[in-house]
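By written order: A, B, C, D, E and F. Residues from 1 in each chain.
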Amino acid sequence: MPDTSPAAPPAPAPAFRPVSAFDVPRYAGPASFMRLPLVDIDAAAAAAVEIGILGVPWDGGTTNRPGARHGPRQLRDLSCMLRPLHPATGDDPYARAAVADLGDVPVNPADLMDTLQRITGFYERVKRRGILPLSAGGDHLMSYPILKALAADGPVGLIHFDAHTDLFHDYFGGFRYTHGTPFRRAIEEGLVDPKRVVQIGIRGTMYDGSDVAWGLAQGVRIIRIEECEARGMDDVMAEARAIAGTAPTYLTFDIDCLDPAFAPGTGTPEIGGLTTREAQRMLRALAGLNLIGADLVEVSPPFDPAGGTAWVGASLMFELLCLLAVSPALRGRAG
Amino acid sequence: MPDTSPAAPPAPAPAFRPVSAFDVPRYAGPASFMRLPLVDIDAAAAAAVEIGILGVPWDGGTTNRPGARHGPRQLRDLSCMLRPLHPATGDDPYARAAVADLGDVPVNPADLMDTLQRITGFYERVKRRGILPLSAGGDHLMSYPILKALAADGPVGLIHFDAHTDLFHDYFGGFRYTHGTPFRRAIEEGLVDPKRVVQIGIRGTMYDGSDVAWGLAQGVRIIRIEECEARGMDDVMAEARAIAGTAPTYLTFDIDCLDPAFAPGTGTPEIGGLTTREAQRMLRALAGLNLIGADLVEVSPPFDPAGGTAWVGASLMFELLCLLAVSPALRGRAG
Amino acid sequence: MPDTSPAAPPAPAPAFRPVSAFDVPRYAGPASFMRLPLVDIDAAAAAAVEIGILGVPWDGGTTNRPGARHGPRQLRDLSCMLRPLHPATGDDPYARAAVADLGDVPVNPADLMDTLQRITGFYERVKRRGILPLSAGGDHLMSYPILKALAADGPVGLIHFDAHTDLFHDYFGGFRYTHGTPFRRAIEEGLVDPKRVVQIGIRGTMYDGSDVAWGLAQGVRIIRIEECEARGMDDVMAEARAIAGTAPTYLTFDIDCLDPAFAPGTGTPEIGGLTTREAQRMLRALAGLNLIGADLVEVSPPFDPAGGTAWVGASLMFELLCLLAVSPALRGRAG
Amino acid sequence: MPDTSPAAPPAPAPAFRPVSAFDVPRYAGPASFMRLPLVDIDAAAAAAVEIGILGVPWDGGTTNRPGARHGPRQLRDLSCMLRPLHPATGDDPYARAAVADLGDVPVNPADLMDTLQRITGFYERVKRRGILPLSAGGDHLMSYPILKALAADGPVGLIHFDAHTDLFHDYFGGFRYTHGTPFRRAIEEGLVDPKRVVQIGIRGTMYDGSDVAWGLAQGVRIIRIEECEARGMDDVMAEARAIAGTAPTYLTFDIDCLDPAFAPGTGTPEIGGLTTREAQRMLRALAGLNLIGADLVEVSPPFDPAGGTAWVGASLMFELLCLLAVSPALRGRAG
Amino acid sequence: MPDTSPAAPPAPAPAFRPVSAFDVPRYAGPASFMRLPLVDIDAAAAAAVEIGILGVPWDGGTTNRPGARHGPRQLRDLSCMLRPLHPATGDDPYARAAVADLGDVPVNPADLMDTLQRITGFYERVKRRGILPLSAGGDHLMSYPILKALAADGPVGLIHFDAHTDLFHDYFGGFRYTHGTPFRRAIEEGLVDPKRVVQIGIRGTMYDGSDVAWGLAQGVRIIRIEECEARGMDDVMAEARAIAGTAPTYLTFDIDCLDPAFAPGTGTPEIGGLTTREAQRMLRALAGLNLIGADLVEVSPPFDPAGGTAWVGASLMFELLCLLAVSPALRGRAG
Amino acid sequence: MPDTSPAAPPAPAPAFRPVSAFDVPRYAGPASFMRLPLVDIDAAAAAAVEIGILGVPWDGGTTNRPGARHGPRQLRDLSCMLRPLHPATGDDPYARAAVADLGDVPVNPADLMDTLQRITGFYERVKRRGILPLSAGGDHLMSYPILKALAADGPVGLIHFDAHTDLFHDYFGGFRYTHGTPFRRAIEEGLVDPKRVVQIGIRGTMYDGSDVAWGLAQGVRIIRIEECEARGMDDVMAEARAIAGTAPTYLTFDIDCLDPAFAPGTGTPEIGGLTTREAQRMLRALAGLNLIGADLVEVSPPFDPAGGTAWVGASLMFELLCLLAVSPALRGRAG
């Protein structure tokens, strides 16, 4: 990630730095994301926050194996094993931006439609504060109410890592809101521009192909895993950057784009997926993109009690944090 | 369970007997409840069924840790370890009644209200067939739509084993349908007669006591675990029988009435609960009760992958099956 | 798998299609292979079946860690997560052939020789029906009695994915029937033509090399993992196709040819194995081969209670099913 | 716990109440003990705190299986499943005292002697604030540096639940500070009055009996599990209360006093232990005792990843909290 | 166990003492039973051994879930947590007898009949040496070939703790050697005197009652769990002692006589079983019995990877060791 | 590993060969490393040993998640699955050198400085015997006291596989001995020559870069994972061999250099690591190097109870054993 930010901003207040494991062991203390301070979105301290990390403890859209509602807590726990500097570049995102844990978004586990509204409402407050959100899921349906808040001013681009397109129309006799439909809804409602959408890592047995057909008809670019392998990850990511362009873009990372050997703790795993080395390389290729937010979803602790998947998820959230820390959208904030 | 059925009925057709583990090992073959034949509720063969075992693969009412939707499949798997005769009495329920696996009730994991209707609709068909249902959950909210079908003709009695009263009014700002509210709804709607309700094994830290206060005001009898221990299980069950009386009664068994040492795989465990020896003794004391149906709920496989809790659940379902097989309601069926 | 079947046959009766997860969630309902109907081999309905999926719940030949007897049930469970179309080609195997779950083959867990006879007897009935069998193990010794039935008319070719050659002569002082000896027996008895045998993925510490020496002397082609890596998977598979030729061929896939990171739930794992991406690519390269049957063996649930290995196994069984659905042997069936 | 506090004090500020699970699901939000606010011991807000819950993430004294250093974090996580009122009495401890999570005590995992000093230093600050500490371990050696701070003014009484006496002199060739020696040190240094010490639940194979012999010689009362069983828990606790008397007393609860069926996640389990029902009954018998602090130690998450033991531990910590909330020592605080 | 040996024999050589955990931590060093020296049965050192602990790593008789072949190794591992003195009496069995680990008995996992002969042959050598064997299973079929060696001179008595009678005639179409038949065979062949057999803890659903009927007809005393509970453990054990009398007796302990909450790691668990406190009390009531050997069987590590069941098993093996150390049969050895 | 030892030495005594799994199943018998005989370092038999395998059951230097103290026992267990010949070359290390299990090194789990001295003392005896040590950890701090013994005559070279540099100066306010500091100490004290040190596989988020900066300043060559990937493993290893040269060299392999998908059971995993196929290839490239000893560290069983990581560890220890068996240092021993 070198050269993306020649003129680093003045360092934020020390309050927004992780607790150091040289001082307090990583397993000690209450767990917050990256051991950062907890800040209430309505508190005065929130005014200084530039990047907010949030949990969305909800899996109401899950049609198969539930558990992603427990993701934010386990991701917080495992994120305490992270150190402050980027592994490959040595970059320090906390020197670039004031980062805080904004807590969990309010949800109602028994009422899906109510929760969609609660989530959108919360992210409207985040957006109003000028904070770039990095969200931890939660199932993938959550990206839809988040986009509803973030893309209120017009459609955004989307870089979408996943094993599945999540472009289905409905399930179970016409029900339109599940974790298999968020981007169908988002495109239909003009939240994302389908011509600026790229889906990477798609694979797994198919229902009927209606998702892919609809997506292609809208202009969505779908890059299956076989194409990734054939072309190489660098080439694929060059195309992805070109598709997203320089306009505001959202990045969503479903942990199931990884192979289940690397991320077993998820509800709908598909074999033959990405390795973590590939995923890191692909994410690092996006440094400098105009990101207005990002999420990492579908970590499901009940299917991985030892926490290996959450550790992968937390490590990739750190990659996402470093991308947000060098996003032009962050700098534009002062404007 | 001796003396409850001096005049056993003629044995049902051999088709309704479990596969024997003397012939096929218990781990072999596709798993159905008790290794019984699978019968479609709408098929002609259903006309011969007297007791139907059903799964309700749904946890949409769960406010805490999900996973009970996976209960029916794991209960089917573990139920294959059961042999045909009752451990203590030697009674053979399959000689008393034609028992079949009726498959799983249709659900919609993303739409709670739709699922409530689907469940009630399905049990109406079961009732119309004159079949006594033994249901495997699923979370405890499911007892409410089941009762809606079974108690269509008037309120029934309820024997309720649980750590919790499930008598709350609402959650999350007024939402009235969760696994903490089914019996509040059932009493409000006249599905169960509160004066014929007994709750056994109640314990665990309390929110505000509003559930207990409301229940007592309606006439519900709540027997906390401390009272069970002080009086002894036999004395408690004598009272429970007296409360239920001879009118039609439903039995609902939440696996969390057991101590988590015996049944860890559940969403809301509470320490200090019943042992399995106590539970068996208590259930056996109900032989001859006028049961119109029973359920065993809240087995959550993701919290017990080794299946110990499902084995406990399946073993207790066999106790419930033996109770249904000597229920006057079964004999009344021919009438 | 493109171009392998330009003239697709008329679609089979709808009865032989999987239950759709758009209608019934994948975790719901009793589990059969691929959610297909269960058909008794002796029932009239079996006459319509073209490809039969069977379980062999047996690990009597296991010299090390047992548990593969539990494989068929867990594979059935996880196979319910599959959708009907092939991930890469979009091909629908259920449109090409009538596929059913034929249940489990009879076994005797305490008597090895008796079980060998039971298995051969059952597959003779399958063969007589003209059904191509896709079998789920069970330990690898089972391939021997299966071949005894399928190759009754003359030796067949063999494509063998495995970490081990399974070509040993005997164990424990002369005992000749274990999961380390099936293909020694099969070659000795003329069930497979050693010059049409290719073993792929062989690795792991060696006893004394006697298996390899004997195999090479018979003309078996052994491709070790190092050779796979050096040449690339496509090149290796081109050779494998050439070795098998166009005559009838059996495909056997031991899950331990995969690296234990991808498939930990097996009795004799060896590090440094294939990834699932490599395995998928290798299997897909076999489309159009004249396959008369296939098996996937050595999935051992007790060593992977979370079911990740069974999910890999079920996903690869789907690849095998797609190969059988385009096998010339299937089309020759009508002849 | 009835009648212990006829005149409840005015309710503390609402800031010191747990988040309600009626509003925020229990799995949501960052985890603090009992979902209470986190308060820095040196912050102004600490002045209002009456009972402080602290973690001691340290297992440096463990001679056998480590992991108790992870106890505080998992106990915080599971404690979020607690509701505010006592299960048996309905008592609300948060209405009696201002309770807060004081975070984790500083430790040095690689330097035992340094950590002993850090712990003592931290509890001196807690004591100076007049806060009654409820501590979550951590291995049992931690009770020694805690007592060093709390008993600075003179020896205290000790109610000690454990499978082991922890009264050994040394290990490994003379090393005097391990989790098998804390109360030997505490008695030697005059921190506890041996004649006011009672040990309950002792069992397990013995080294040489030197611990018991020394303890008895000092006047320690050791009540083995067989005596508990023979006399009944109520009788034993009556004696324990008499031994402790009305002078200041510390309560230490080693989770291994429970049977490993109830609490497997601990480093040195011994079979034949207490049930949770017995433990609850015994603790409740201590209401009104003059407690100056309490701890619950030896919960070791790596030996129980599903968290069942931590749930037991958190539930018992709630019992301890209720004891502290009615302790005369709390009321004396204002004096 | 007081008063059973007023005149303790001279202490054996120090070589036959466990390594002390005061010197070497329990988790350190290669694992032998009770950290005792390993002695080859044919070595000169074996002449001094009085009690030999052996493993029988075999589950060839298992009709259901396998894995007991792994029992001996895990029992050795967990037995390293034992200290030398009896928890309740303070007795030191190593001061009474020279005890050694005799290693594992030879087996053939793929050939049942061969293994039966190997086991009998090995125990004939043990018996010839005058060594009392304490055996760790392995499945319960192993007791049959052991008794074949030990009872060569005439039938012995049998104290049998189990959930199952193991008195069936055959399985799977006439096969007579499984873990459900050992004591049928042993009685038929005159190895045990049925009138001196007592079975304790029997429970679980029944096949057809043929086992019980046959046993009762031979004079076997079967004490079901309900009778144990009704009479109390002391009363039951007084009867058991009377049945066994003073003649040579064998003790066999199937871990599944315990409730699965206490011992989940076994192949055929039955709910409603004994607690470990009850089991310890019952075994201790047998001090002084004329035991010629004992075994503990059916610990199955794959169903309990954390090792809790093996810890229970090892702890009960220590109780059995203490019984053998005060058995008249041991003293008679010098004669 | 071909051609490295054209003139093989006369075969050692048969006593130093592993037990064969053709005779005794791999799960049977007490577990020693590679099923080799256990030899006491002070016994006469030790004079014949050329390569000694030792356990260091200690994790006192662990700053994060403990458990590596349990590594040696689980590595012994899993090493029993190894066969005698090298997978790729067919080489038989036991024909080249007399190899024995030397047991575990004495440690004091509660006193770090005492343990450092004990370890150094033990390896001085190993070195005095002329035995090349292959050590199984234990945490990485152990390499420092081992090097203190082995490099007593002058600095050695170091080939270091790891995710971390372990070159930090201190932790927790100045403490200088943790598993993050061993090679800082070793270089400072002249035990290793920094110009002959190569670190391979380094990755993971960074504290402050002070470790890397110091290492580079001393002349240490640090090859990050990204460089490994870019250059290919063969190229990297050619450089590593050149750096080590022909002078005496030590090889240390931290299991966390592997990706956590392959080796989850370790205390400080970092995503994006080596595969086992890469690790095998890299180690095999070192055949013929002048190795004076090797270790494999940081296997932590509590974080991988199923033992997959220990199986990887044992398999790589076999690779290390084969390297030692062809090391010039072994041949020089006779001199």
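The rule is simple: a residue touches a chain if its C-beta (ideal position, glycine included) is under 8 Å from a C-beta of that chain, and two chains touch if they have at least 3 such contacts.
By chain, UniProt protein names: A, B, C, D, E, F = Agmatinase.
If you're wondering where the values come from, they're calculated on a predicted model, not measured in any experiment.
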Chain labels contacting chain C (Agmatinase) and also chain E (Agmatinase): B, F
So if I look at the partners of chain B (Agmatinase) and the partners of chain D (Agmatinase), which chains show up in both lists? A, E
Would you kindly give the rotation angle relating chain C (Agmatinase) to chain F (Agmatinase), two copies of one sequence, based on a CA superposition and rounded to a multiple of 5 degrees? 120
Are the two sides of the chain A (Agmatinase) and chain F (Agmatinase) contact the same residues or different ones, given that same means over half of the numbers occur on both copies? different
Measuring between Cα centroids, what's the chain most distant from chain C (Agmatinase)? D
So how far apart, in whole Å, are chain D (Agmatinase) and chain E (Agmatinase) when each is placed at the average of its C-alpha atoms? 39
Quick one: report the Å distance separating chain A (Agmatinase) from chain E (Agmatinase), using the average Cα coordinate of each chain. 57
Can you list the chain F (Agmatinase) residues in contact with two or more other chains? 25, 27, 63-65, 69-70, 109, 171-173, 259, 261, 303, 306
Chains touch in the following pairs A-B, A-C, A-D, A-F, B-C, B-D, B-E, C-E, C-F, D-E, D-F, E-F
Going by the contact rule set out above, which residues of chain D (Agmatinase) touch chain A (Agmatinase) in the complex? 24-25, 27-32, 38, 55, 57, 69-70, 72-73, 76-77, 101, 103-104, 106-107, 109, 305-306
Which residues of chain F (Agmatinase) touch chain A (Agmatinase) once you look at their complex with the stated criterion? 63-65, 171-173, 203-209, 224-226, 229, 259-261, 264, 268-273, 303-304
Per the contact definition, I'd like the list of chain A (Agmatinase) residues that touch chain B (Agmatinase) in the complex. 59-67, 69-70, 108-112, 114, 171-173, 175, 177-178, 302-303
Contact set on chain A (Agmatinase) toward chain F (Agmatinase) in their complex: 20-23, 25-27, 81-88, 90, 259, 261-262, 275-277, 280, 306, 308, 311-312, 315-316, 318
